[in-house]
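I am attaching a structure below and will ask some questions about it afterwards.
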Amino acid sequence: MKKRLALGMGGLAAFAMVASGCAGGSTSTESSAAAASAPAASAAASAPAEAPVCGGSIAVMAPLTGGAASIGQEQLNFAKLAVDDFNAANSSTYALVESDTQLDAGQASTQSTSIVSDSAIIGVVGPAGSQEVSAVGPAFSEAGLGFVSASATNPDLTNGDNPTFFRVVPTDAVQGPTDAEFIAGTIGAKKVVVIEEKTDYGTGIAKSVADALTAAGVANEVIAVPEDKKSYDDVVSKVGDDVDVVFVTFQVAAKSEQVAQSLVKSGKKAVVFGSDGSFSGDFKTGGSYVSAFAPDIKGIPAAADVAQRFSDAYGEFGTFGPPVYVATQSILQAAQRACAAGASDRAGVLAELKNTNIAGSILGGDIAFDAMGDVNGAKFYIFKLDESGAPQLVQ
Amino acid sequence: MEYFGEQLVNGVVMGGVYALIALGYTLIYGVLQFLNLAHGELYMMGAFFGFFTMTALGGPSASAVPVAVMIGIMFIVAMGGGALLGVAVERFAYRPLRNSSRLAPLISALGVSLFLQNAALLLFGARVRLYDTGQFIDLRSGISIGRIRIDPTEMMVVIGALLLMAGLWLMVNRTRLGRAMRAVAVDQDAAVMNGIDVDRTVVWTFAIASGLAGAAGVMSGLLLYPVDQYMGVFAGLKGFSAAVLGGIGSIPGAMLGGFLLGITEALVTGYLNPTYADFIAFLILILVLLIRPRGILGRPAIAKV
Amino acid sequence: MSTTPEDSRGIGTDEWVAQHGERAQRGTGLYARIGEAWMGLPSLVRWGIPLLLVVLVPFAGSNDYILRIGINLGLFLLLALGLNLVVGYSGLLDLGFIAFYGFGAYAYAALASEQFGLHLPSLLAIVIVVVTTAAFGFTLGLPSRRLTGDYLAIATLFFGQMFVVLMVSSDAVQFPWMDEPMDLTGGANGISNVDQLSVLGFTFDSNLSYYLLLIVLVVLATVATKRIHFSRHGLAWRSLGEDSLAAQHMTIPTVRLKLLAFTLGAGIAGLAGAIFASVQQGVYPSTFELPLLITIYAAIILGGLGSIPGVLLGAAIMTILPELLRFPEYSNWLFLVVLILGTIMYLKSWKLVPAVFAGMIAIGFIANVIFLAIGVPYLTTAEWAKGPLAPVLGSWIFMPEERVLIGNIAFVALVVAVAWMSLLTRRTTIILLPFVLWLAIFTWEVRLMLEPSITRQLLVGALLVVLMATRPQGIFGKPRVEVL
Amino acid sequence: MMSGSPESESNPTPALELIDITKRFGGLTSLDALSLAVAPSEILSVIGPNGAGKTTFFNVITGVYTPDEGDVLLFGESIRGVDPHKVARRGVARTFQNVRLFQNLTVRENITAAMYGRTNASLFDIVFRTPRARREERENEERVLDALSFFGTRLQGYRLDQPAYSLSYANRRRLEVARAMATGASVLLLDEPAAGMNPKETQEITEIIGRLRDERSYTIVVIEHDMHVVEGVSDRVIALDHGVKIAEGSFEDVATHPAVIEAYLGRGSAARK
């Protein structure tokens, strides 16, 4: 009896091992979803001359679950697409490693040590939030690991504290004045209400817009709302009849739509002006404005193909995804150049990241970083939504 | 004064949604003395069920059936789906724990929440969905008194919440099932001895409470538009607060608590600062609990020495 | 005085009944025998072996990640031990506990960063933090004089929520005596560049130093808790948790002890918070929200409320498991092992086990043939499977081209099947088992593998439910009786 | 071995004295101007039909309720409105009608917990195991065994480390008495100590109550429905009805008092008429 027991146990353990081994194998071929194929990476790192195929792991730090999952999943999918495209074009073997932070700096900080400890990882896309960037900064700079965020816009992040940090999107210091100037000039608003969502994204942009409006002599009032607020009717009731523009700083475009609908419903004349977080198909009330750090990517020839393939594979997307495609590209290209130069370790990739030059990116222009890690020639575009909700470039 | 009226209406409407969620908490607590912390997730699921029903019927703009029928079907599907899910959760996560310590079902409920949120994420994708009520209901119609406007969805929420509460009250106080529920609430063992099938009663309690959560999900979708996987967390907290404020276990209490909470929030938002709305709402709750430890309409506990 | 109690003892039925619980607990089989052998060791050895292993971790080929998990675990253990005083002993359901952790972290950050330009010496800062957090805990404990049970839980939960709201929104507080609004907490951006601990000239600037510091603190806290457990205070706390009215009549000042529990628990949480702020060199409001509270409660309840080894084990599970599940290769393992072990434990028969698994394997091949026959488009083995078993695996698991859609259907079917199975008799369940097992593995490969992050959360959720259902008293918890 | 009636003893200060105690709940008067005195080492039994106010009487003494009027004196000092734990420290311990043990604590722990008021080790002493803490620990251990020795071997040996919920009903009642003794009190209030016991156990608890007075000089107030117990232990009996003392005296006097018979049976027979 005991013998049978032992045999049975042994057999099952063997089955479990084999099955999980195979299953494990099955993931690593999925270049997108899968874990890094570490041996390949280290082989590429140690002997680039014999191994013409370049590869390595790139970590994606994003809120893949939790309240901001809609942002994180979109970002992850764009990163997957970028890696697939790049591998197909260069017959390389780059792979993604998912790192779910739930937009929590504490988790991001722990995950940064995990990423640093995985020597196969040569670059990081993300993290998404500004406070997360502050939290992971020390670990990544100590490890000399380059990280490129596609959505952290707090201007303070590129003050020199985080020497390995780059971002492909302009900061709040660019967006705020651009939007304020348009509101004051082109729209000619006399009175503005700024709805500041209490997140690191919303707080930064609201402050920068409010300051710029004040400087331009436009009367403005900031109303701060918590991130988990569900109904905006009570906030809209606070908006006076003489207010021309309601500037909103939500991360989720649907909330801007809520505010816009509520304004329409209560018959107020104010129009909604959304910051770049609102640039998505969900925000579609005609007559509203929205700013974005890129011309609508569906209208850019270089991007139309990417946008189409993304939609086919993953459905609709908003504003936080496309920059991740570019951020991932910047790391991939840096890694590829480093690999060609025979230095495809972290230091090599970091050095090459500084030389990033993506001509004709899907965001419309060329992407290159300045000495502090900010994107060069950052510029904001402003759209007006037509009656069908489609954005029309107005500046 | 008009501004006050406007904010009052905002508060009452949001209060209706809270009240509906609170009813579910209160019903389950009343019968089982147990906080079903996964209730918010059933509300979220209800909102999704309603959304997908709407899409299946041709979407917000090109519905295959008249709008009223479409909304009716949405409610039926969401309530039915919510009820089934609630029953499954009870069977699976709570029934094995019915006689164990009070903390065990709490953790189980948190496990259920986590599972349902992420199942929704897996199945429906992460994208926020919009009900787009404006496409099929003219939000500018409805009643207006001076500057105060009440649009059709707002009327529907408040009237619907009141009707459901009245129905629930009648059910608990006037039907056989209601009697069974009250018996189980007082003493499960004694209920068994009097020929009441406790399991069946509990299943019905969960079905009804979860059906209400489903209805609340559709209502909040129609009223607020966006629907996502995590909407249940905060809504659940609010509904639960409302139930406690009114006196958990009391049906009119849940209603009163919901409206009070909604009005408090709207008034704090309107006259002070929206960021402090939750802070002040919670402060009021704690004060109410300190003065009336069982909520406004809750019966005081009988301490037997 | 003719009948002494000894004489009236009667037959030993009373004794038999009384021993029943002990016998039932003792259990049989390999697991129980190992347990007994372990408990037979001297306590110094029992506690010493794990401690030695833990101390050796950093010197045995470890890395910063493992150390960081160790640090998180250490902080968690401190929190769990603190919370155990309040919930496990005194039975006070304090759902605002995380606020103390957050308060400690923010207080330390305020005292040792550029936020207010203060850079107090670490020891001084920590003393201030612990004392103020303890005072805060005392204040929060005051309602416990009036509120009990669920109502206390609710009131404290609201306190916890208020704390987060306050931290997020206090970045522009207008004091009447100041011209400009003042930034107290950094708002949503939190406070970064917090000073690291520095005691007697030694600066804690590496994960290793914090790891060792936390080992020391956790050992101290564990020893203290163990001593308190059987002491007059421990007993008084535990009796008021059992029946606070009876405790009062037994000379126990319940109000004072409740407040003491709140105060001490908060002080410990404050200390943990300060260390956390220093490890992370920053504090951010999003850390102190509901998920952390849930995890801590799951830890102390999972292990067994009021049991010290239980608290330690529960915290370890809740810290390490979710991290392990981040790696697809580990979660793969875990999934299969749990599935197989679970099946074996359910079947409890060595005849049925091979039959069920053989059935499962057969169903896979049959399903494959059926899918092929009805012409569902599929991915070739080369596209997804690797390793020596790839050809076999490829014909056992059908990988449809529409992985997401078919995987979603399989997921729903799996959940429905498991729920439905729980309603059936054992016999029917066993007949259905091979099919459900195959469906589980199919769903895993086809759909869940695509979304490791979501799968991780799904598994944690499912695991909490399953663990509570199979062992409601927790892993090391003794069966308890509750008086309502 | 009955001791003399309290009046014959020359102790001027009663152990426990109630002066005109009135306690109302809303419109209901639970105790109505109740006065009584218990001499040291006396056993007083309180009888009366359900709802007569017996348990309220205990609750007023132990500080659960503050009386609306009147005063409670313990050895001449007022304990009116004093918190229950302080009353217990000053020497009044009780048992409960529906046994309220610390169910998940062991027998030993149940008793040790009740010694909280007699010990002084601070948390500091405990955590650092100072000599004081060790000494107290040893003393506690002795006291536990001492209190339990009163009940023979029933609660000793392996039972010491069993949780209270696993004990038989009679043993739980015994443990509750032992726990009350462990507080160091000199006055014990026993609320239906024989409820739910079989005749043999009832006999035994009757003897134990007698021994508590004789061997340890406890002053004891017993609420009891079982007339065998009342007859067996009481030095004096009082009967309550609707919060009013309707009879007082020896067991025979009270048992045959017309008002008492009416309180127990009268209304019943009147209703039958």
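A, B, C and D label the chains in the order they appear, each numbered from 1.
The rule is simple: contacts are C-beta pairs under 8 Å (C-beta built on N, C-alpha and C of every residue); 3 or more make two chains touch, one makes a residue touch a chain.
Each chain and its UniProt protein: A, B, C, D = Unannotated protein.
Please read these numbers as outputs of a predicted model, since none were measured by experiment.
S.K.: Can you list every chain that touches subunit A (Unannotated protein) and also touches subunit C (Unannotated protein)?
M.R.: B
S.K.: If I rank B-C and A-B by number of C-beta contact pairs, which comes first?
M.R.: Between the chain pairs B-C and A-B, B-C carries more contacts.
S.K.: Closest chain to the protein CA centroid?
M.R.: That would be C.
S.K.: I'd like to verify one number: the distance from the centre of subunit A (Unannotated protein) to the centre of subunit D (Unannotated protein), where each centre is the average of its C-alpha atoms, in whole angstrom.
M.R.: Whole-Å distance between the two chain centres: 72.
S.K.: From the mean C-alpha coordinate of subunit B (Unannotated protein) to that of subunit C (Unannotated protein), what's the distance rounded to whole Å?
M.R.: Their C-alpha centroids are separated by 29 Å.
S.K.: Report the inter-centroid distance (CA atoms only) between subunit A (Unannotated protein) and subunit B (Unannotated protein) in whole Å.
M.R.: 35
S.K.: Could you please state the distance in Å, as a whole number, between where the Cα atoms of subunit C (Unannotated protein) are centred and where those of subunit D (Unannotated protein) are centred?
M.R.: 44
S.K.: Could you say which residues in subunit D (Unannotated protein) touch two or more other chains, in rising order?
M.R.: Where subunit D (Unannotated protein) meets two or more other chains at a single residue, that happens at 64, 96.
S.K.: Residues touching two or more other chains, restricted to subunit B (Unannotated protein): which are they?
M.R.: As it turns out, subunit B (Unannotated protein) has residues touching two or more other chains at 117-118, 121, 233, 273, 275, 278, 305.
S.K.: So which bits of subunit C (Unannotated protein) are touching at least two other chains?
M.R.: 165, 168-169, 245, 451, 454, 457, 480, 482
S.K.: Would you tell me which residues of subunit D (Unannotated protein) are touching subunit C (Unannotated protein) in their complex?
M.R.: 62, 64, 83-86, 88-89, 93-94, 96, 100-105, 109-110, 112-119, 121, 123, 126-127, 129, 133, 136-137, 140, 151-154, 158-159, 162-163, 165-168, 171, 179-180, 182-184, 200, 203-204, 207
S.K.: With touch defined as at the start, can you tell me which subunit C (Unannotated protein) residues reach subunit D (Unannotated protein) in the complex?
M.R.: Touch residues, subunit C (Unannotated protein) against subunit D (Unannotated protein): 1, 3-6, 8-9, 14, 17-22, 223-224, 227-228, 230-236, 238-239, 242-243, 245-254, 264, 478, 480-483.
S.K.: Looking at the complex, which residues from subunit C (Unannotated protein) come into contact with subunit A (Unannotated protein)?
M.R.: Per the touch definition, subunit C (Unannotated protein) meets subunit A (Unannotated protein) at residues 63-69, 72, 165, 168-169, 171-172, 187-190, 192-193, 207, 276, 280-282, 284, 286-287, 291, 323, 326-329, 332-333, 335-337, 340, 344, 350, 353-354, 357, 383-390, 393, 441, 444-445, 449-454, 456-457.
S.K.: Tell me, which parts of subunit C (Unannotated protein) touch subunit B (Unannotated protein) in their complex?
M.R.: Listed in rising order, the residues of subunit C (Unannotated protein) that touch subunit B (Unannotated protein) are 87, 93, 143, 146-151, 154-155, 158-159, 161-162, 165-166, 168-169, 245, 290, 294, 297-298, 301-302, 305, 408, 411-412, 415, 419, 422-423, 447-448, 451, 454-455, 457-458, 460-465, 468-470, 472-473, 480, 482, 484.
S.K.: Where on subunit A (Unannotated protein) is subunit B (Unannotated protein) touching in the complex?
M.R.: On the subunit A (Unannotated protein) side, the touching residues are 65-67, 69-70, 72-74, 198, 223-226, 228-231, 233-235, 237-238, 252-255, 257-258, 261, 264-267, 282, 315-316.
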